[in-house]
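There are two complexes below, and they share subunit A, which is joined by subunit B in the first and by subunit C in the second.
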Partner chain A sequence: MSTDLKEPIGAEVPRDRAKRLLAGRGRFVDDISLPRMVHMAFLRSPYPHARIRGIDTSAAADMPGVVRVVTAADLADVVSTWRPLHNRFPTMAAPEQGVLATDTARFQGEAVAAVLAATRAQAEDACEAIVIDWQALAQVGDVATALTPGAPRIHEEMSSNLAFEAEVVAGDAEAALANADHVVERTFRFHRHTGVSLETRGILAEYDPTERRLTVYQSHQTPHQQQDLYARLLGLPEHKVRVICPDVGGAFGVKHHLYPDELAACAAAVLLGRPVKFIADRVESFMTDVHCRDHEVHARMGFAADGQIVGLAIEDRFNAGAYGQHPRSSVAEGNQITRLTGAPYRLENYAAKLKMAFLNRGILGHIRAVGHPIAAAVSEALIELGAKELGRDALDLRRQNYLRDSDFPLTSAGGVAFERLSFTQCLDKALSLADVGAFRQEQAALRAKGIHRGIGFNTFVELTAIGPEYYGEGGQHISAQETCLLRMEASGQVRIHIGTTDQGQGIDTGIQQVVAGVLGIPLDDIEVISGDSALSPMGGGSWGSRGAALGGEVAMRAARTLRLNLLSMAGFLLQKSADDLDLVDGIVVDRQHGTAHMSTADLAKIGHFRPYTLPSDLPSDLTVTARYASRDRMFIAGNGIQVAIVEVDTGTGLVRPLRHLVVHDCGRVLNPLLVREQIRGGVVQGLGSALYEEFRYAENGALLNASFADYLVPMAAEMPDIEVAHVTTPTETSELGAKGAGEAGLAGAVGAILNAVNDAISPTGAFLTEVPLTPPRILEAINRVAQIE
Partner chain B sequence: MLDDNNTRIALTVNGETVTANVPARLNLADFFRHDLGLTGTHVGCEHGVCGACTVLVDGKLARSCLMLAVQSDGARVETIEGADASGRITKLQQAFHRRNALQCGFCTPAMLLTVGELLRVNPKPSRDEVRDWISGNLCRCTGYQAIVDAVMEVSA
Partner chain C sequence: MKAPDFRYLKPKTLPECLSLLAEHGDLAQVLAGGQSLMPLLNLRLAAPAVLIDINGLSELSGIREADGSITIGALERHEEIAQSAIVRQRLPLLADAAPHIAHIAIRARGTIGGSVALADPAAEWPACCLALGAEIELASTRGRRRVAAADYFQGLYTTARQADELVAAIHFPPAAPNAVHAFREISRRRGDFAIAGLALAALRTGETLHNVRLAFFGVSDRPILASNAMAALEGRPLGASMIEAACKALGAELSPPEDPAYPAAYKRQVATTLLARILGDLQAELLDA
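Coming up: the complex of A and B.
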């Protein structure tokens, strides 16, 4: 550890921002109102696929409070359309999309027209008075149908509904599988769900035509990305577009995309020259927030007689929904699955194919743990099946095949650079905390009483802190680099301006700790200013677990520069060598004896008000910047294992999680309290994915459960306590050594629950491969086996 | 607003008397947030499931998205702003802070009012009782455990 990385780095510090939230003083987008503000509401397609033959807005325009009714034609001169291209995937289809549908609606919930009115209620009333001449078209809701020749086409500009296909190959998986002593094979299905932030999406856009200045308050993760998109799509000078993300009520990836309705609100603000507010309601959120998962993965894993994995082949079929998601495109989830399946294991022969289709469904985007839960669940279910086939203990089989210390660094069969991962160490730690032998005894005793409990293990790799190449080469204006600006005021107190953003995960606090540790000043003397594209230096925001690894590192670098400047000033003033001085608790002290000399505040005052007392060539800037991007690797990989214990009621099919353990390795932990709670929150979302969350559609493609009454999310009563432990393998790609930690909870929970449920019902002979593991699916699987027998 | 269709109401909000002319369809959450500027009450679903809009009406927990403002005529209502100012939830707020029992904080005002009420009726709840009591309040960020821990700490 570098000597200047001291406390409070690594300490359990609670968050400053939490205080205002606890007092009801948070400021979320809908809490902000501006003079002359109007409210925007959208008329959305009730059909998953329909032709728009005509729109009559005349009655709506006459409704009380209505300021303007707009259709695509009204906004065409104000805002451009877009195509979600990604140059790393040049063959990917990227059909055009606009803020409002023109002649065709391609998913239920697609916005077709909008009303701007004095109140939200009046805007909604007027939406009901818009008359649309619809012609329903045949809708396509599943990939198999979509890819059948002659299927109705979602986009007429395309010759089929195939959006993209790709292949990842290492060695010869087919030959290896043909020669394997044992092959296990299954098709897995992971149904569609979404991220469900408690605060819905929302935006307030204000435009001043005299200066061509657009100021946007938005519940979002990536203010700079939005600034760039709004400037380009609205044809405005970028330096006059400012995106402010105030308190954000949960994001989880839902809020780092461009949404047509949000852009439409900006366009309407430009059109009217008045502030426009749009706050999605819950039904709109379910329909139009990006969705995730919806994959079918066919997988085969081959073993030699001694248990060694000899080959793995997977085929992932998924869909982008009706359009590609902008600006990141919709490929990543499939891409991660093809890169991560089998990743914890020594694997020479690997083949992964993916096919992505367009469907008449909501757009799929990047939601927390993109692809990870699927890749891990598939691999770890196959290991369990392999162990059964080989008559081996599944933990031993994992141990035999895990990548070992001597294997690192390596590029995985899926093509990802792994610096050093700690699979065996994590398993050892998990086994020290969960007594499997005792569980097996208890399990057997309870089985005799008709109680079915199971234990599930799930090893996972977590890809964090993406490097700049993915979007840099892709052609997107998405920063994977971070810049930090530190500003010491005359009081010696410090403002940190940084491009990462905080939606509650607490990265502001982690960064504050890094700066406090390096500068040797109290935490209370430091504030982080983030989430404002004008105040924060250009950066990426928060997504893909990049805050600690990139934001932490750049803050450390900036703080070191400021520290050097302070010490060089002190050295000059005290006539000592800067190397003999240190900064502790806001005081310049003698490094060896700890004698106090002067305060940081004294130095700051001299620096700001009496600079003439310092030589002009002395490094003494009190406002400093640093920038950082990781180099030569696409991700900083972390890893871990989760263990779940569940009870399955074989009469009702209900699953009760009883115990959940996470052993995680994210390198240096900046704040164990915040990391632990991030992981717990992620696990609970993973339990939601594993057990409850799924969009259901009627035969005609209508979404059946766009409300909290019908779409189930985990509530407190069903959730277990979650134990979190760490193994620490710092990354050497940075000096701080932190890796991301935001994906881990969700990445590992799904497979752990899947394996636990399958363990619980193993006496029935059933083996489930369809997630979420709802009671009907569990009962059906058990009954199916019973009937065969 | 169309004045002729409005109804005059008078109620006590956080100890202050409030009178207003409100449209019949205005719900209590929107009345607090947009008419009174009490934005600590949050709206997560507007259909009575997520619990984010929970306030106290005549001393009972109520979902302000499911109540019309006109129904609050004559009532005594407390929102997070009032509870915070009164000092009666300070210990809970401190324990939530220490244990990071909130991340985005969107569920938090309602969660605090809800567990405050639990401790009033059951000062020594078990963990399961806490979990049951808050099972009508969705928190998407924390996974609930830290919330339970914070309540247990205060009740100890």
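Coming up: the complex of A and C.
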């Protein structure tokens, strides 16, 4: 491993941004106001499926403060429609979508018309005055119905509601299952939820017709992606489109898509030549932010008598919602499930089938840990069932089947390249931190008193830092390459311009640490400038745990170049070999004796103001760039295990998480503080999916809980202390060796809780397979077995 | 979401407030702590033409004991009630119930009058009023009247209050020396409205309970007394078989409305669990004392 990766790389450095945000000095989109700005509010379909026979905007147009009322027809000349195609999935249906519905609304919350007014309240008042002649249509809310022949079609351009179908095969799973000594089989249901960021989506778009210049302030993860989309969809020159992401209050994947309402705000800004602000309120967020999960997975796992897993077959049925999500498409969640189920285990015979339908529901997108929680929960619940069937200890059974050091590198049965994963090491570490024997004794003693506690283990694989082939081959303009520009000022202080973005996870600090460590200058002398498509070099933003692995690597490369330039300048000035010099704390020192010679400030002054004192062929650029894209790998895979201890109240069905442990391997840890908080935040979201978060719909398809009163998110009081420990297996695909860490918490928590709850209630004979584990579901499962007995 | 437009009026005296209410009636809403009303306005579920802010009316504050009853002014905040020495000593059921209401920030603003006026079926104060046999005092330009809690709460967000009436105060009979009480609820997260809850008040002689009142909330369209379960407990020493009989009676008499998140069967089961647990604890307490 490289020797120049010194402190503060690996140090627990708190984030600068946190200080500013805590002081109330954050600047979010809604904090920005521009002269002549108007507010935009949308009239959204109250129906999940309806024909729009007519729209009368005349009364709304006369309301106080109203500047303009727009429908699809008014924006048609300004903005194009799109189809979320993905060339890696050429058979995937990608029906056309536009900023506002034209003749049909296909999900509740789909924007149909919009008002631009002096205030948001006036815009909402006027929305209520728009008269729409609706004709409600039969709505389709579940995949089984959607795929039944003769079901109402959601898109007339399609012959059915089937959006995509795929299969992943290794060996012969059916034959293996037929010959297995034991087969466990279950159908799992994971309900629909979303990402819930504290700051809702928001945009402020400003258009100057004299220069055809569009400047957009947006709460978003991927400014360059948006710049490209806005330029193409609005027909503007890309170099005159600038997307600035100021402070972003959480994103979790909710904010790396194109949203019709946000594009409509840009289109309205172009139409009016005035700044337009749209801030989603919480109800709109719940209805129109991308949703996730909503999968039904039927799974069978076969074992030989000695415990060896001989085959695994799964079928995943899910849906895209009403349209494909643009520009990433909606396939990935199902795709990841078919790729990752059973992944920690030696598996020769594997078959995974996937069907994706369209439904009259909100659009499904990529939210944190795409597919991972489901793949892990299904696999690890089957292992528990298998252990019961075999009369084996489930941890022992895992150990027997885990991929071992000698198996790596390998391409998994699901088709993912694994460089080196550390399942056994993670389990060993977990067992050194959680005394299972002691827990089992306590569990038995408490059961005698009617207290039901359970422990759950969940092994997971985490796919991070996707390579350029996925979207490159797919035909989307989504960069998986990062470029870093380092600029040393005359003071010797440094600005880092980079394409990764920071939504609160603190990646800016991680990158700052890399540059400080490699360059040898103090952390406080470095600032990261990110989130501005005009100022930051073209890059991918932050999603899919790419920041440390890609941003960190490219920053390291740029810092090395700048360091070389500084040392070559110093070498010339001191008449010494650059190899004999080092940079420590911003001072050029003698590598051997540590004698201080000059500061980076001295060098920077010479470089900027007296360049004539240096030979013209001497490498002395003080603004340098580096570029990094991975090659020949789709993901960097990490792994880990989570252990949950819960108490289930069998009189009420309430679950109380008592302890939660995560052992995680993300390779080199740039900043343990940041990684721990990533994991903890992910675990909390995972506890949300496991216990609370779920959209509920009425018979007629109406969303019942689009507010925080009824859509429950995990809150601090209910959360257990979350312990995090590391195993370190650096990736050799990069020099820095960092893997991503953003998915792990969520990836593993759902299955850990599921297994813990099932362990707790095991004396009742019930076994749940439906998530979230709500109190009524738990009591109902217990009652059902009680009735049978 | 932004609230629809409204006129905001802040009367300085109670008579002024009552005439405003008489004038605007149905078109007006009283603004107390705002902890329920503001979200309703912002969600555009309420669209009053006029808001009458009562926060300037000192006549509506205070907790006093007089003439054998304890009067809590409508504007008393949840947290003030929780902290009140009189309440702790003389109405301990309220002190036990208060921490279950929402979160501290909401308790610091929300008022008992607002809670009683709104009559959320899962709210704590209405159930306590019912358990303790409180009277709600209503004031209007037509005069003042007192309505027993059992008659006041009439249905989902529906009460005996007329549009021109203000909830002025709540009158509670103080706890007798041999009074026992208990409060328990279940909710998914701390501070949430209860899925089901129970406020119990009774008198004791040894291990025998009299005047048992079991006020359940969250299981009907209003707080309700479980009369069959109460009858099963009345005048008999509290023991395992009594508890079982009461739970059985409760299961038979409750008919919670279907709720998409919490099916009726589930609510009935957890209400029974609550009763069994509260009585189990009470039995231990009676034996102890």
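The rule we apply is simple: the second predicted complex is superposed on the first by the 788 of 789 C-alpha atoms of A that agree within 3 Å, B and C clash if a C-alpha of one lies under 4 Å from a C-alpha of the other, contacts with A are read in each partner's own complex, and residues count from 1 in each chain.
Here is the rule we go by: a residue touches a chain if its C-beta (ideal position, glycine included) is under 8 Å from a C-beta of that chain, and two chains touch if they have at least 3 such contacts.
Since the structure is predicted, the reported quantities are computational estimates derived from the model, not experimental observations.
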Between subunit B and subunit C, more extensive residue contact with subunit A: B
- prompt: Just subunit B (first), just subunit C (second), both, or neither: which does A:Glu489 touch?
  reply: neither
Query: What is the contact status of A:Gly681 with respect to subunit B (first) and subunit C (second): first, second, both, or neither?
result: first
Query: Can A:Met719 be said to touch subunit B (first), subunit C (second), both, or neither?
result: first
Query: Touching A:Ala121 in the superposition: subunit B (first), subunit C (second), both, neither?
result: both
Message: On the A-aligned overlay, A:Glu647 touches which partner chain: subunit B = first, subunit C = second, or both, or neither?
response: neither
Query: Looking at the overlay, what does A:Asp281 touch: subunit B (first), subunit C (second), both, or neither?
result: both
Task: Applying the touch criterion given at the start, work out whether A:Gln503 contacts subunit B, subunit C, both or neither, answering first, second, both or neither.
output: first
Shared contact residues on subunit A - subunit B and subunit C: 119, 121, 281-282, 707, 709, 715, 717-718
In the complex, subunit B residues that touch subunit A: 1-2, 23, 25-26, 33-34, 38-47, 49-50, 52, 79-81, 84, 93, 96-100, 102-109, 112, 127-128, 130-132, 134-148
Field: Complex contact set, residues of subunit C against subunit A
entry: 1-5, 39, 43-44, 186, 188-192, 195, 260-263, 266, 269-270, 273, 276-277
Task: Would you tell me which residues of subunit A are touching subunit B in their complex?
output: 14-15, 17-19, 21-28, 30-31, 33, 64, 119, 121, 196-200, 247-252, 281-282, 503-506, 673-674, 677-678, 680-685, 707-709, 713, 715-719, 721-722, 745
- prompt: Within the complex, which stretch of subunit A touches subunit C?
  reply: 119-121, 124-125, 128, 281-283, 651-654, 692, 696, 698, 704-705, 707, 709-710, 712, 714-715, 717-718, 774-776, 779-780, 783
